[in-house]
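Before anything else, here is the set of structures, which you'll find just below.
Common to both upcoming complexes is chain A, partnered first by chain B, then by chain C.
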Partner chain A sequence: MRTQQQTIDEILELAAAQFKVPRESLSPDDDFFKKLGIDSLQALSLLTRLEQHFSVELPDYELQGVSDFRTLAERIQSRL
Partner chain B sequence: MLDLDQYTSVGAALREALDRFANETCLIESDRNRERTRLTYSDFKQMSLPLARALQDAEFSAGDRAAIIMTNQSKWLISAYAVFFGGGVLVPLDYKLTAKEQLQLLAHSKAKFLIVEYHLWRAITQEREFDDHKLRIVLVTEAPPTADLKGGFRWEEFRRKGDPFFVTREREDWACIVYSSGTGGRPKGCVLTHGNYLEQCKSLTAWYPFWPGVRYMSILPTNHAIDFMVGFIGPFVCGACVVHLRTLRPEFVRDAFVRYRITYVSLVPLVLKNLERGIKGNFDALPSAKRFLLNACVAVNRFFTRKRPNVPLSRKLLPQVHKAFGGDLVAMFTGGAFIEPATLQFFYDLGLPVANGYGLTEAGTVLTVNDLKPFRADTVGKPLPGVELRILNPGSDGVGEVAAKSGTIMSHYLDDAELSAETIVDGWLLTGDLGSFDDSGHLQLFGRKKNMIVTEGGKNVYPEDIESAFEDLAVKEHCVFAANYIWPQKELGKEMLVLVLHPESGQEVTSSQLDDLAARNRLLPDFKRVGGYLIWDKDFPRTASMKIKRAELAEQVGAAVARTAVKEL
Partner chain C sequence: MNKVSGNAISWEVKDGVIELALHREPCNELGTQSLGEFEKFIAALPELEEHSHALIIYSQVNSGFSAGADLRETYRRTQDMEKDAAAASIRESLERTHHVMNTIDASPLTTLAAVHGVTFGGGLELALTCDLIIADKTARFCFPELRLGLIPGFGGIPRLKRDLGNSVVRDLLLTGRSFNSAKAQQIGLVSQVVAEGQALRVARATAAQLAKFDQHTAVAAKKFIKPIPYDELRREIDIFCALMTQPAVQAGLKKFVESTDALPYLP
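Showing the complex of A and B:
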């Protein structure tokens, strides 16, 4: 079982790779819309990538109102 | 299609449709690649009448208000029909609002009944204001077996045997209260009558007909005026089928086009642009010879469709493109927010017409739409049958405020006689949008007279609604504006919200205040966030009751400061 910190780290790795930004430029409390320069549809594609990686299914509403990596990690962690 | 002149209410028309088209499929619900539900009109009736009966047994009666807060799914439409069957007034609320905002609108609408998805209900019950709610009956869908529903009933179990009695409503009776904005200071609940919806349905289907076999993909929220009409009432009174997707990820939406051979879909500009990017990316990846051939086919298609669409020809010329959209797509609808004409033209040249339209909740749904004869990427189309439009006080360039008269215009704003009287004058709805007609009768929009923005995602955002997010900032006063309201421009687009800050005298805005500002901004849903701020060193003009005179302040700021002075937040 992953720890919350591991989940956050893996999310940051995956987001950095998907949107081609340096991993070290991302931190857990960043607003991923702003930091990655993405719109809501691109955020959904990130969610799909995360689902594949963590082998969970996240309903769209889990992302509603979420804009930072830490909260996203909490939502994923609760389903692991 | 039913002859809608024969019916006095939405409920009566739907009731007839359920019998007339009994064996046709009316609803498909898919979650990712799994089909969850497929209902015929007859199935739909079997599911909704026991609910209507249970509501009546719970003393739901004519004129009672029932709110729905759900994502797009079959239970939304089944519940709405049960409400109409019992003569109720539907209050469709936006599931994307915060729980606090939903509670505010529930209170404002005076809804006694609520039908809500479990995850949304759970959030509502955790709000402080939950204890003050005045709801009598709450039906919760898809609740886990052990969930505490806080007084709510399980939707799936809330049904009774025995025929419910159909409650007749007249055309002037209220059908829905739809909120066009106003979770902040002044909720704008548009009261739309049964006559409004029947007229809207008649005029829209005159240009874009549905028929049994048509499949409409419902992506825009059903609580929104457009999907309520073209993703529910319109297809149902014509015997067509509505496809709901529980997951709106681009990859699943793309799959659904093909799997369900979609005929029509409504999309916001953001999604259209995303599709355009994807298709262009695929084109660019083609070997140069194939790309050359493709471009030649597009040019031929453009030539042969210059006067009107020729979908069969387009499908032959560009089979791969059409196959990717399922092969049966006739048109896509868009409207609300600004969309680049080049994007519309791109799709049209592929033989995938995008009918750009214009409307507002206060006008039912749609006032104008492109009739595609010929396609015009630079306009929002012509007035629908039965819609009269007028340009008020046009300037030398013909541009003025668009006013509308039609059987689809709302009755009034709920409990706001003053705003209603300002908005509907002598039967004309003042839209607050600036436009002009060209020689062929097409409406072109140039901007807004009103202080609001429409996002690329199709959301209306009124600055006063989000001001409370910045309350108690350590400044003397603050006000939020649409940038284009302060600095009017005669083109659409470039919409953003600007926060005007007036620091205490002799003080400057510190970096910690800006951090506080940014943190509060982040807590807002992304489409409501302020894009920049401006420091203003004079007192805001105020009325005798100390309300900010927004128009005057905007004028002062616009005259003294350039738009380029706005600092990014």
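Showing the complex of A and C:
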């Protein structure tokens, strides 16, 4: 079972790789829309990648209002 | 004519396979221009069918197969009309779209949708007209219409009911949640899940295999196993039109059209 910190770290790694930004530039409390400069379609592609990586289903309404990596990790962690 | 290029869609015939490409940025929104070009395609289809055994529909746009109906265009087109005129305009557009979808659904060709990325609303409804859906791992499916106070209007519900169990249909429709290609395969919507960027290649390989079969048998088999739910499709148009003119729906559409939120389809 992953710890919450491991989940956060893996999310940051995935986001950095997918949107080609340095991993070191991302922090758990960053607003990922602003930090990554992504729109709704790109957010959906990140969601798909996270579901595949963690082997979970994340209904997008559970992510309503979620814009930082830490809260995103909490939502994922609750389904692991 | 082996190749026809439009602004929203293009098609060509290669080795007995019609390849219909969607290429309207940002994500193949289905609006007036797309509809006109689809009507040209189905007008050409009977002649194309004489020299073909399969049809592949795919997207050349990176973001996905299609984000569905161009609701912004629909809203802007009808907001200044009187209520009756707006309702008539929407019904006419739906009737034309259904004619396109039903024609593809009923084609004697074996039809394949090769999808990736966003496959939402009307985009999913277009894919559902096909016999097989081949999805890459980036594909994401959704019927978000209820979030705007609507139901899918391009034949989505009757075709989902035809292809999937009713409880699955209720889940997808009533929650409006999006789901990935693995889930889509698990529920029986998608026949093959392939690596990113490989859906068209696999669709072509599948179409090449189909060429080895007797075409008369393939046509008879398809006719037997894929009935078209015309009565329910008619009812869907009536329900959609009745909902579309409701003040709450107009308010929801206005909010959607004017929204600059990152996830505008989430109410």
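Please note the rule applied: the second predicted complex is superposed on the first by the 80 of 80 C-alpha atoms of A that agree within 3 Å, B and C clash if a C-alpha of one lies under 4 Å from a C-alpha of the other, contacts with A are read in each partner's own complex, and residues count from 1 in each chain.
Here is the rule we go by: contacts are C-beta pairs under 8 Å (C-beta built on N, C-alpha and C of every residue); 3 or more make two chains touch, one makes a residue touch a chain.
Since the model is a prediction, treat every value here as computed from it, not as a measurement.
Visitor: Looking at A:L44 after the superposition, I want to know if it touches chain B, chain C, both of them or none. Which is it: first, second, both, neither?
Guide: In the superposed model, A:L44 contacts both chain B and chain C.
Visitor: Thinking of the overlay built on chain A, is A:E24 touched by chain B (first), by chain C (second), by both, or by neither?
Guide: Touch partners of A:E24: none, neither chain B nor chain C.
Visitor: Figure out whether A:Q52 sits in contact with chain B (first) or chain C (second), or with both, or with neither.
Guide: Only chain C is touched by A:Q52; chain B is not.
Visitor: Considering each complex separately, which residues of chain A are in contact with chain B in the first and with chain C in the second?
Guide: In chain A, positions 33, 39-41, 44-45, 47-48, 57, 59-61, 64, 67 sit in both the chain B and chain C interfaces.
Visitor: Spell out the residues on chain A that touch chain B in their complex, using ranges where they run on.
Guide: Touch list, chain A to chain B: 31, 33, 39-41, 44-45, 47-48, 57, 59-61, 64-65, 67-68.
Visitor: Can you list the residues on chain A that touch chain C in the complex?
Guide: Contacts found on chain A: 33, 38-41, 43-45, 47-48, 51-52, 57, 59-61, 64, 67.
Visitor: Can you tell me which positions in chain B touch chain A when the two form their complex?
Guide: The touching residues are 32, 71, 95-96, 98, 119-120, 246-251, 270-271, 274, 456-457, 522, 525-526.
Visitor: Would you mind writing out the residues of chain C in touch with chain A in their complex?
Guide: Residue list for chain C touching chain A: 26-27, 63-64, 67, 117-118, 137-140, 142, 175-180, 182-183, 261-266.
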